[in-house]
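This report concerns only the one structure given below.
Chain nomenclature is as follows: A, B, C, D, E and F, assigned in order of appearance, with residue numbering initiated at 1 for each chain independently.
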Amino acid sequence: MPEALPHLPAHLLDDLVLAALEEDGATDDITTRALVAPDQWGRGVFVAKDAGVVSGLPVAAAAMTALDEEVSFDTLVEDGNRVSAGTELAEVEGPLASILSAERVALNFLQRMSGVASLTRQFADSVVGTRAVILDTRKTTPGLRVLERYAVRCGGGQNHRFNLAAGILIKDNHLAAAAQLGLDDLRDVITKVRHAAPHTLRVEVEVTNLVQLREAIDGGADIVLLDNMGVEEIRTAVELVAGRAVVEASGGVTMENVRAIAEAGVDYISIGRLTHSAPALDISLEVAAA
Amino acid sequence: MPEALPHLPAHLLDDLVLAALEEDGATDDITTRALVAPDQWGRGVFVAKDAGVVSGLPVAAAAMTALDEEVSFDTLVEDGNRVSAGTELAEVEGPLASILSAERVALNFLQRMSGVASLTRQFADSVVGTRAVILDTRKTTPGLRVLERYAVRCGGGQNHRFNLAAGILIKDNHLAAAAQLGLDDLRDVITKVRHAAPHTLRVEVEVTNLVQLREAIDGGADIVLLDNMGVEEIRTAVELVAGRAVVEASGGVTMENVRAIAEAGVDYISIGRLTHSAPALDISLEVAAA
Amino acid sequence: MPEALPHLPAHLLDDLVLAALEEDGATDDITTRALVAPDQWGRGVFVAKDAGVVSGLPVAAAAMTALDEEVSFDTLVEDGNRVSAGTELAEVEGPLASILSAERVALNFLQRMSGVASLTRQFADSVVGTRAVILDTRKTTPGLRVLERYAVRCGGGQNHRFNLAAGILIKDNHLAAAAQLGLDDLRDVITKVRHAAPHTLRVEVEVTNLVQLREAIDGGADIVLLDNMGVEEIRTAVELVAGRAVVEASGGVTMENVRAIAEAGVDYISIGRLTHSAPALDISLEVAAA
Amino acid sequence: MPEALPHLPAHLLDDLVLAALEEDGATDDITTRALVAPDQWGRGVFVAKDAGVVSGLPVAAAAMTALDEEVSFDTLVEDGNRVSAGTELAEVEGPLASILSAERVALNFLQRMSGVASLTRQFADSVVGTRAVILDTRKTTPGLRVLERYAVRCGGGQNHRFNLAAGILIKDNHLAAAAQLGLDDLRDVITKVRHAAPHTLRVEVEVTNLVQLREAIDGGADIVLLDNMGVEEIRTAVELVAGRAVVEASGGVTMENVRAIAEAGVDYISIGRLTHSAPALDISLEVAAA
Amino acid sequence: MPEALPHLPAHLLDDLVLAALEEDGATDDITTRALVAPDQWGRGVFVAKDAGVVSGLPVAAAAMTALDEEVSFDTLVEDGNRVSAGTELAEVEGPLASILSAERVALNFLQRMSGVASLTRQFADSVVGTRAVILDTRKTTPGLRVLERYAVRCGGGQNHRFNLAAGILIKDNHLAAAAQLGLDDLRDVITKVRHAAPHTLRVEVEVTNLVQLREAIDGGADIVLLDNMGVEEIRTAVELVAGRAVVEASGGVTMENVRAIAEAGVDYISIGRLTHSAPALDISLEVAAA
Amino acid sequence: MPEALPHLPAHLLDDLVLAALEEDGATDDITTRALVAPDQWGRGVFVAKDAGVVSGLPVAAAAMTALDEEVSFDTLVEDGNRVSAGTELAEVEGPLASILSAERVALNFLQRMSGVASLTRQFADSVVGTRAVILDTRKTTPGLRVLERYAVRCGGGQNHRFNLAAGILIKDNHLAAAAQLGLDDLRDVITKVRHAAPHTLRVEVEVTNLVQLREAIDGGADIVLLDNMGVEEIRTAVELVAGRAVVEASGGVTMENVRAIAEAGVDYISIGRLTHSAPALDISLEVAAA
């Protein structure tokens, strides 16, 4: 259960939700306007059609209430809960027209976020009992990073640096650029970055082989990112590091190999597909005129 | 090949891309600032790592050039092209720091849009030779509907109504609401909608069984949406309609059953997963200091 | 009486109204600040100075309350009502300074929208008893289309397509462009559009003579727009169509000829001046310190 | 000819024009997309269909070029010029699809602004030879005040205070409020305002009779606004003021009585209908594929 | 005590405060999220650490409550009050996490505005008993002009023209430009400006010597701005004007010479450093878990 | 000389500068419009009136060119350069009216940023030869944090964490909150934060005495912030830490004591007044009609 639930502030959700409602033409829903009377009342229940982990109920609530203050939204489970097919997630009540016009936007957020949470939960469950923590990456949907990182936390993962301004990660392209400036010793690169960057940040270095790894450790890297290594190589790397740095693995992580990677002793496993390829969780809103 | 390529106007892309760059902290990329000199030049190539259909090159171009006017972006293939693993998609050249800081945002758009196009292409290929056209739905990512609909066109699909304001679709919830007002004959419902809505719109009615279908046809529905019907029932429905309305099928469509549905004679097949569950296409930017 | 009243959502009005108040310097009203004490209370009544149809009371309410939550606004008539000179439309009460600072913005919206509604009502009254429905066009004030379309509904008109994305209308320029591509048979043009556009849209074709009209009907146009035809030609056109398409007339419609056009049998008459040339309805706010 | 032409800065026009194009769905013009090829070239001429004064060519230019940098726009007359029916105003050339999609927005601005300029010109011509200057008011279209004030200048008028923050005007409601605070001598009111407001502003007082007028002059009003007075009363008022203050007349000004008011000797005549009730000038874009 | 307190409208403060909270990452405060439970309650007191004049309590209130509706904010003094070191200014209570996350933004506004008010108060106190009024200038912090002008009023100063659109001030650069056009008599320049500008504005002319001053007075300048003159020259200038224009002094005003300038008889003294160089007033928020 | 110069991206500057120009009414500069012809050309030079460090030339350039593409801006020194009174900083040339209307906004940015840079330079010069680095804080002007941090770098300082989302700093309020939850051992607090926060961040702990300092070091704090300690206590603290953590001092730092603090051996000294109380550097634009 995520401790982060209160950290989706109302005004942020309002902005996202109003933009989405406008995109969907929700304030000019011609079908509903033609058939539903302004004073008709309705009730609806959000129901999971598949098993998974729910995430995004505050966003769905914001979407359902943004068009109409008279709509009420009551959660029946909490974000981060595991649900089975058929579980009722939340109840909505108010002017029927408003409910129908906001339905799709609420579901679009809720299904996507729950999809991310559900996939994260599967990876997190796979490494239970090891020291490894599942992390997201910056491979998120443009505009929705705050929500998707929240969904990862709902699924039992943790968050990597928020963005380029909030953490240091020296990658191969940076090394090549530094070499071109005559700086080809990884230890010197680390020193240079440490001096230039805010002192509140650790220095993380991406390495693709054990030679680089040794240089990174010698140079005082706080974190090493083992990029696309096989399980055996990861195991060797962890032994080589021997606690002198935090170890993160990334690249090519699947449900099949994630446990083996975790058991190789890494501290963190970061997985792009948590956010770039999670299928939506099937959820529907079952509405009844009241 | 989509005829729609010119219809992603520059100012829209700029807005989306600048928001994403800001979200990613691209203007405060501390790692790059520490290691790459302002006057260092670089080149990079976008390369597909898997086979698929490319979509989003104009968006990637906007992202790569938004930070820095000196960056040039040249496409090597066109949106809508099928590519194999290893295909070079585009070339970027300019100040290396700007390229590195914009890389992730460019890829986040390009991978997602190409994922949508690739999945659409698979469905479209599956129905080749039938009359059926593959359609998207309103189950898109909040904020990205214009881009995802474009990606669907790149993959050989067509677009359903843009949003609630741009088309009429009478669903079960609307019927229930109308019944509550004493309007329980589907033909009367259709008449009421036709009078209230802009005369430029067709009237589409979602039906779940053949009884409803008959009423919809009798009532003069322009389009009938067969919701979650099996292939046999769809075939019967098509016969029953006998050309008096456009026929669209939706619900539970998979790569396994899509051809059978198409061969049952429908005009359109709309598929939510094109946009809500397409996995990203793996693409990377291979950069070299120049 | 418009069924559309609830469809001016609060957040849209807030955006429009806050922008207008800022434009008018309402938060820095130096005259009022100098002369009215913060705790002075006031009341005011919006009064029609001419006969007409009122439209925009929810907008005026939003304007009067946007600066100050303590201001209350009570409507005395409803949007869509016919009013005579001297009719009291709404009552406002609260801090006098806030009322005075918002007065002009509230009136600017209310007078314009009521002007549109009043002119529409005159046209609509002129065709009573015929089948013809009065429609607006896309010739609206930039930024105010939603409000002006609403005002047209208040005046007894209906709305044409919202914009270029929400409806198909093939005009002479499109035909010329198609001909240049070798597509000079109107029937082929219609077929091409039908395949490219969302299937939820009808195809409307503008014709300027009976030859074109015949081709449009043969090509399966759903709607024909008779552009700038005289009454006699319209009558002939209606007979020629013989129910095979919806018939809309436009161009040169005045209060003098609108009934004749209606009696010629068209389904719709669209009139640009409803929104581009309607004079404001004279309304004033009579304020008294309370 | 207005000296103000350069004072419609590009970024302001861009914001207004992009918002209007978005409102009109110009980037998703389905009819044009279906029929016009991306590489098809076109030319068009803006032609006045009625006599009047043109205003808004820079806005039309911004609208025509906002979608597509390849579109060129050349003016054939200048804002502020009198034109007769049939006069060609500007020429546009470029990708035909872009021209067609932006046409309506360009015309909506141009027709409205030219309507304001034309009506202003009529009033200004009516007072030629007198000392009176025609002024606008704050009764402008919400969101378009900058453009409409510019149009008034194009028509030979001048601008009143921009908004509540940019000028002082003591009206009857302010007097009533001040009286309630025990300040019922108009001279004291003027003194109070003069102390509270920026010293760069003149103090203007609205008066409805000669008693008030005397008090205003005694109190040192810089400008007196004669509200809704008849021509005789205005003449008396001008004599009474005898050059001790600037004199402005307003209220009930029509083309019939404007000259008489001017000849009564006032310095300024402010007219709300210039902006709230000017009919659009009829202008069309005649396009040809090139 | 400023009469202007009610003139910081809620929506303006909300916009400024939400932008500042976003800038400060207040909705993603990782330290607080890790250590403070969502249901932990807290109280805090804003305390002045130095003597001065307080300004900005409504802004601090907006900041503290923007993240969380459950936070309450009670003022213990009013804006414009003089406070000594140790004075409690306001009390805040609510969810502790929300208080901690908003603290810095609330203080950043409050300290800056109170710094401006305190410096203004020192200048205003220095001229007590003279006719001179202390004014601000346009040398404000970009984006914060409304707040800083308000702070000046809190400190006993008054405001100069809001901006370039709200007042006339002819400076040396304008004179040089006019001369280049052949207009080198200051009296003609004044006449030209008076005709071109809104009649609601006074004409202010900056002069740097007594020759220019005489021309300005002869030309009918309403206000003369004595730029960077010494005290003796100012005294002579005031005598020369002899009440025929308002007199403002500016340039090089310090706490040391301000009284002498005032006693030289000017009406206004405008001082850039009130807003561009006021040191922040030291204020802290003392929080206790409740 | 700051390596950060290229990191003020054009679109950010444009947004800030356009908002400031709008705030200043620069597009409706009535004085300039009255006196300067549209085709009048001018030149100007930005000149420092006091010695200091310049910062903000790219922002001034953006301001001078935002209104008018024809204005050119050429720098004569670079940001970060020390300048003496009389130094010419940049040259501007183009339409004179545009230069005059943008002058104040350009100067408001340039004077403030150069003020920050100049004060930072004084502090940085004071600690030359020690290991100490001068840092800014989060006590920046709302809305201008990016610019002020850049100015600090121009003055030879470095930047602390950007905001609450980009670094961890455990303060006394957090400790009190944790204690209330039963977590009163500082070591446990550090552990808890380390688990909850992104692994890319160091953990910084604010301590006010040596007892707390010992606990922080034992708990594995990466950075300790010595809050408001005297020089002697700081020296003792540095010895106690003995290289096991980075040491930062803050609170009550003045030009008088900064060198002593630096010589006490700390790594960083963070100073709020760099941004909240730096007086503006006096700079003027000397314009000549060309």
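Keep in mind that, in the parts below, contacts are C-beta pairs under 8 Å (C-beta built on N, C-alpha and C of every residue); 3 or more make two chains touch, one makes a residue touch a chain.
Quick caveat: nothing in here was measured; it's all calculated off a predicted structure.
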Could you check which of B-D, E-F or C-D has the same interface as B-F, with more than half of the contact pairs identical by residue number? B-D
Higher-contact pair (C-beta pairs counted), A-C versus D-E: D-E
Whole-angstrom distance, CA centroid of chain C to CA centroid of chain E, is 45
Between chain A and chain B, centroid-to-centroid distance (C-alpha), Å: 22
In angstrom, rounded to a whole number, how far apart do the mean CA points of chain B and chain E lie? 52
Between chain A and chain F, what distance separates the C-alpha centroids? Give it in angstrom. 33
Two or more other chains are touched by the chain B residues 3, 28, 33, 162, 165-166, 168-169, 196, 198, 201
Can you list the chain B residues touching chain D in their complex? 3-12, 146, 162
Considering the complex alone, what residue numbers of chain C touch chain B? 3, 135, 158-162, 165-169, 196, 198-202, 204, 222-223, 246, 248, 267-268
Touching residues (chain side chain F, partner chain D) in the complex: 18, 27-28, 33, 38, 66-69, 95, 97
Using the touch definition from the top, list the residues of chain E that touch chain F in their complex. 16, 19-20, 23-26, 28-37, 40, 42, 96, 100-101, 104-105, 107-109, 111-112, 115, 138-145, 162-166, 168-171, 173-174, 176-181, 183, 189, 192-193, 195-198, 201, 273, 276-277, 279-280, 287-289
